[in-house]
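Should a chain be cited, it is by its letter among A, B, C and D, assigned in written order, with residues numbered from 1 in that chain.
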Amino acid sequence: MTKVSPSVADAIADIPDGAQIMIGGFGGSGAPIELIHALIDRFRATGSPSNLTLINNNAGNGSIGIAAMIKAGMVGKMICSFPRSSNAEAFNEKYLAGEIALELVPQGTLAERIRAAGAGIPAFYTPTSFGTELAEGKPSEEFDGKMYVRERWLKADFALVKGHDGDEAGNLTYRLAGRNFNPLMAMAADRTIAQVSNLGAPGSIAPEAVITPGIFVDVVVEVSEPQQEEMLVRTGVIY
Amino acid sequence: MTKVSPSVADAIADIPDGAQIMIGGFGGSGAPIELIHALIDRFRATGSPSNLTLINNNAGNGSIGIAAMIKAGMVGKMICSFPRSSNAEAFNEKYLAGEIALELVPQGTLAERIRAAGAGIPAFYTPTSFGTELAEGKPSEEFDGKMYVRERWLKADFALVKGHDGDEAGNLTYRLAGRNFNPLMAMAADRTIAQVSNLGAPGSIAPEAVITPGIFVDVVVEVSEPQQEEMLVRTGVIY
Amino acid sequence: MSGFNLMEDKLSNAQIAWRAAQDLEDGSYVNLGIGFPEMIAKFQPEGRNVTYHTENGVLGFGRAPAEGEEDWDLINAGKKAITLNPGASFFHHADSFAMVRGGHLDLAVLGAYQVAQNGDLANWRVGSKGVPAVGGAMDLVHGARRVAVVTDHVTKDGGPKLVEECTFPLTGVGCVTRVYTSLAVIDIAEGRFVLRDKLPAISLEELQAVTGARLHIEGEVGAIVVPEGI
Amino acid sequence: MSGFNLMEDKLSNAQIAWRAAQDLEDGSYVNLGIGFPEMIAKFQPEGRNVTYHTENGVLGFGRAPAEGEEDWDLINAGKKAITLNPGASFFHHADSFAMVRGGHLDLAVLGAYQVAQNGDLANWRVGSKGVPAVGGAMDLVHGARRVAVVTDHVTKDGGPKLVEECTFPLTGVGCVTRVYTSLAVIDIAEGRFVLRDKLPAISLEELQAVTGARLHIEGEVGAIVVPEGI
């Protein structure tokens, strides 16, 4: 039994139509571009997976990564905190045309809802969004003299994450600020698929240095020289 | 402005009577013995701090550390998950004599309540303890077909934690399984005091290796060859 | 049908642990409770890769170190010294219990005072006297895909530990999925005890007589055959 | 009393940022919102040690790198490339917002469409058209010891941004504690705007005339004097 997948295409091969997928990264930092592009390749070749719900802080940038998924017509819904960006035409056009749904979640609440799913906490209270339109329809309650909104966990069928060092046991580290949502999403999905820049044997990562323990990771695939979303956008790459 | 304290005595000098104090460690692993013993020294010299509420997984062991605090008569209440142990006479005797109060909390709930305090989450739902006597008086609710108990955050006035490497900015790492409750408690107290085995300049810990970011730590004191509770107990040391 | 001596012919704790170990799955993540359940790791079958979790923040620990080689910052939830296997990791208590409650463990194994036919477990205290201590038991019974119990089939004075309803304080409600006893392997399904395996030497009637609730039979009942020397 | 030209004599954004920077406390942890608030770091007074937090999981970042030196895995919440100061650390998003909500930041500074006299803030959208985006603003207004706003005192067409009640969708309720505008520094205390400092050239009457709710005065009103060249 191994968690190691021979290719990104194999790693994402069993994601079905209609899946809810968490995609790590914040903008291009820590974004698993190669896994995303493998999904697009599969969709172009087979028409599947389609009608996906994506969970990410943003809604894609330029014409690569999540933006390219949206342009390709694979995405039915985005759950995110900040779909607006300097190159967010892919989402904007579909959204304004009513062709893609949006659940807008404050960034800290998005992170905490994902963490709660991973931690078996079905609901929690946060001060965030109390008294705003994003709290409409949610229970609220006073604790110690301050008002809080109750939020639910947010789970996914799959998580696509980008690690830096990985090992065959599924342990992961992250590069610089590329950590962001990746460790949380790895905890919150039924099946977590990680691309890593360096794949080693168990023991190749010091136990103290592991950020995501292997128990949270189902599939690891090495992408030794991963692309960087920001560079692709800046050089005008269209996937 | 520096976070560095010249001695353990200075580090704990302003803890008042009646304070609620989190003490890191799980048994002797990661237990800040020198900070605890400095508190005992102060109590013996001045009669203060007394009537303390301590939060720890256990309730002391042998005649050192928390057990010695209890024997000295400084502790009015323990909040813990497992006061029973092979050498827990200090707590047991006081408890059975009605001289110390106990709030018993399941271990995972204890960890999550402390984390919630640090994260600004006043309440959350957990499946743990539903249907048991430890859930009595607590709200319960069904989510997705399963019953959960609502628990509140657990804060403290002070946290005493034991780091391995520390820097002048308050960043901490931990040694082996000595991590346990320490990073959570550092987040959840008004004032966090850390003893570290190695104290360096800011930058001496790689940014990716930091487990507790300095924002959570108020005071750092170097104890370069810390004692290990288990060894003290095994050699029959009485503090 | 006659001739089974409940106290002499039953399985020892080591033998119960051996039987439980036969069900360890390759590639699984497992938490073994303090004490008797820990013994299961010793009988892990060859060729199966099992990763052990302990509540105090270690995944992938191995055997106890030799005496004198202990590092007391490296312990398990029972405060015993451990060693690490390749691929081990450390994490704090909230992440550790996220693994427990969040459905990430494949199996948790605990001891028991009583197990009820609906899966209720009582294993943390027997009355209101003494110093209560709960530890991680109430967390461990939630979240793992399978929650198993290892226990003698009966109490020291011969009374049933598998019962219709627990009379001791509960650890968790409807949480146990399988019980490995000194006489049998019993699943809990739809609020009933379902007998899977039993010792060949005990008859169904004898087994039912020392069980506090009805044993249901679905399909063939397997035989527990423990190798010599365990 | 007359002669103050609202559009010509007001502070520039850089000058507002300079004024806000004068209140940065030594040893403090600060989150500066994307855009205009980020400018405050440039004017951090000498001798004060301030640690900057960004929502995407970095504490202790420094200035932007030189062009061509960017590492796009090392960015801030505005997706701009950053560098690290000694003592920096990385952490995941849940820990990052634990710092935000958990009361660990000393100061958060945001921009605003409107601020109400009770501290309500509207800064995330002006209507129901277009693509809504909230980011971390609704989190940042909770938890920090002080929540400050930097803003022009009036809208582009001269209307008040400091108002009795916000008409735009709220970001947070009763959360703002201080406002640095192009004309004044105003605290929010007990549901009222309390004037602390103002430009010397503007009279109280003129300032009140461009403010949408009553300005209260408690003690002496200070003068905002920005050094030449900013």
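Methods note: a contact is a pair of C-beta atoms (placed from the backbone, for glycine too) under 8 Å apart; a residue touches a chain by one contact, two chains touch by 3 or more.
Heads up on the chains, UniProt names are A, B = 3-oxoadipate CoA-transferase; C, D = 3-oxoacid CoA-transferase.
Being a predicted model, the structure only gives us computed values, none of them experimental.
**Student:** Write down the chain pair with more C-beta contact pairs when A-C is set against A-D.
**Tutor:** A-D
**Student:** Return the distance between the CA-based centres of chain B (3-oxoadipate CoA-transferase) and chain D (3-oxoacid CoA-transferase), expressed in whole Å.
**Tutor:** Centre separation, chain B (3-oxoadipate CoA-transferase) to chain D (3-oxoacid CoA-transferase): 37 Å.
**Student:** CA centre of chain A (3-oxoadipate CoA-transferase) versus CA centre of chain D (3-oxoacid CoA-transferase): separation in Å?
**Tutor:** Roughly 30 Å, centre to centre.
**Student:** What whole-Å value do you get for the distance between chain C (3-oxoacid CoA-transferase) and chain D (3-oxoacid CoA-transferase) if each is reduced to the mean of its CA atoms?
**Tutor:** 57
**Student:** Considering chain B (3-oxoadipate CoA-transferase) alone, which of its residues make contact with at least two other chains?
**Tutor:** 112, 115, 119-121, 126-127, 174, 176, 207-208
**Student:** For chain C (3-oxoacid CoA-transferase), write out the residues touching at least two other chains, lowest number first.
**Tutor:** In chain C (3-oxoacid CoA-transferase), the residues touching two or more other chains are 90-91, 94, 97, 100-101, 142-143.
**Student:** Looking at which chains touch, is this a line, ring, star, complete or other?
**Tutor:** Graph shape here is other: it fits none of the named patterns.
**Student:** Sort out which chains touch which and give me every pair.
**Tutor:** Result for touching pairs of chains: A-B, A-C, A-D, B-C, B-D.
**Student:** Within the complex, which stretch of chain D (3-oxoacid CoA-transferase) touches chain A (3-oxoadipate CoA-transferase)?
**Tutor:** Residue positions touching the partner: 55-58, 71-75, 77, 79, 90-94, 96-97, 100-101, 120, 130-139, 142-143, 169-173.
**Student:** Name, in rising order, each residue of chain A (3-oxoadipate CoA-transferase) that touches chain C (3-oxoacid CoA-transferase) in their complex.
**Tutor:** By the definition above, chain A (3-oxoadipate CoA-transferase) touches chain C (3-oxoacid CoA-transferase) via 1, 115, 117-121, 167-169, 171, 187, 201-203, 205, 207-208, 210, 213-216.
**Student:** What does chain C (3-oxoacid CoA-transferase) use to touch chain A (3-oxoadipate CoA-transferase) in their complex?
**Tutor:** Interface residues on the chain C (3-oxoacid CoA-transferase) side: 26-27, 29, 49, 51, 53, 59-60, 84-91, 94-95, 97-105, 142-143.
**Student:** Help me check something: in the complex, which residues belonging to chain A (3-oxoadipate CoA-transferase) touch chain B (3-oxoadipate CoA-transferase)?
**Tutor:** Chain A (3-oxoadipate CoA-transferase) reaches chain B (3-oxoadipate CoA-transferase) through residues 112, 116, 119-127, 141, 143-144, 146, 148, 152, 173-174, 176, 207-209.
**Student:** Where on chain A (3-oxoadipate CoA-transferase) does chain D (3-oxoacid CoA-transferase) make contact in their complex?
**Tutor:** That would be residues 26-30, 57, 81-85, 88, 91-92, 95-96, 102, 104-112, 114-115, 126-134, 147, 174-184, 211, 228-231 of chain A (3-oxoadipate CoA-transferase).
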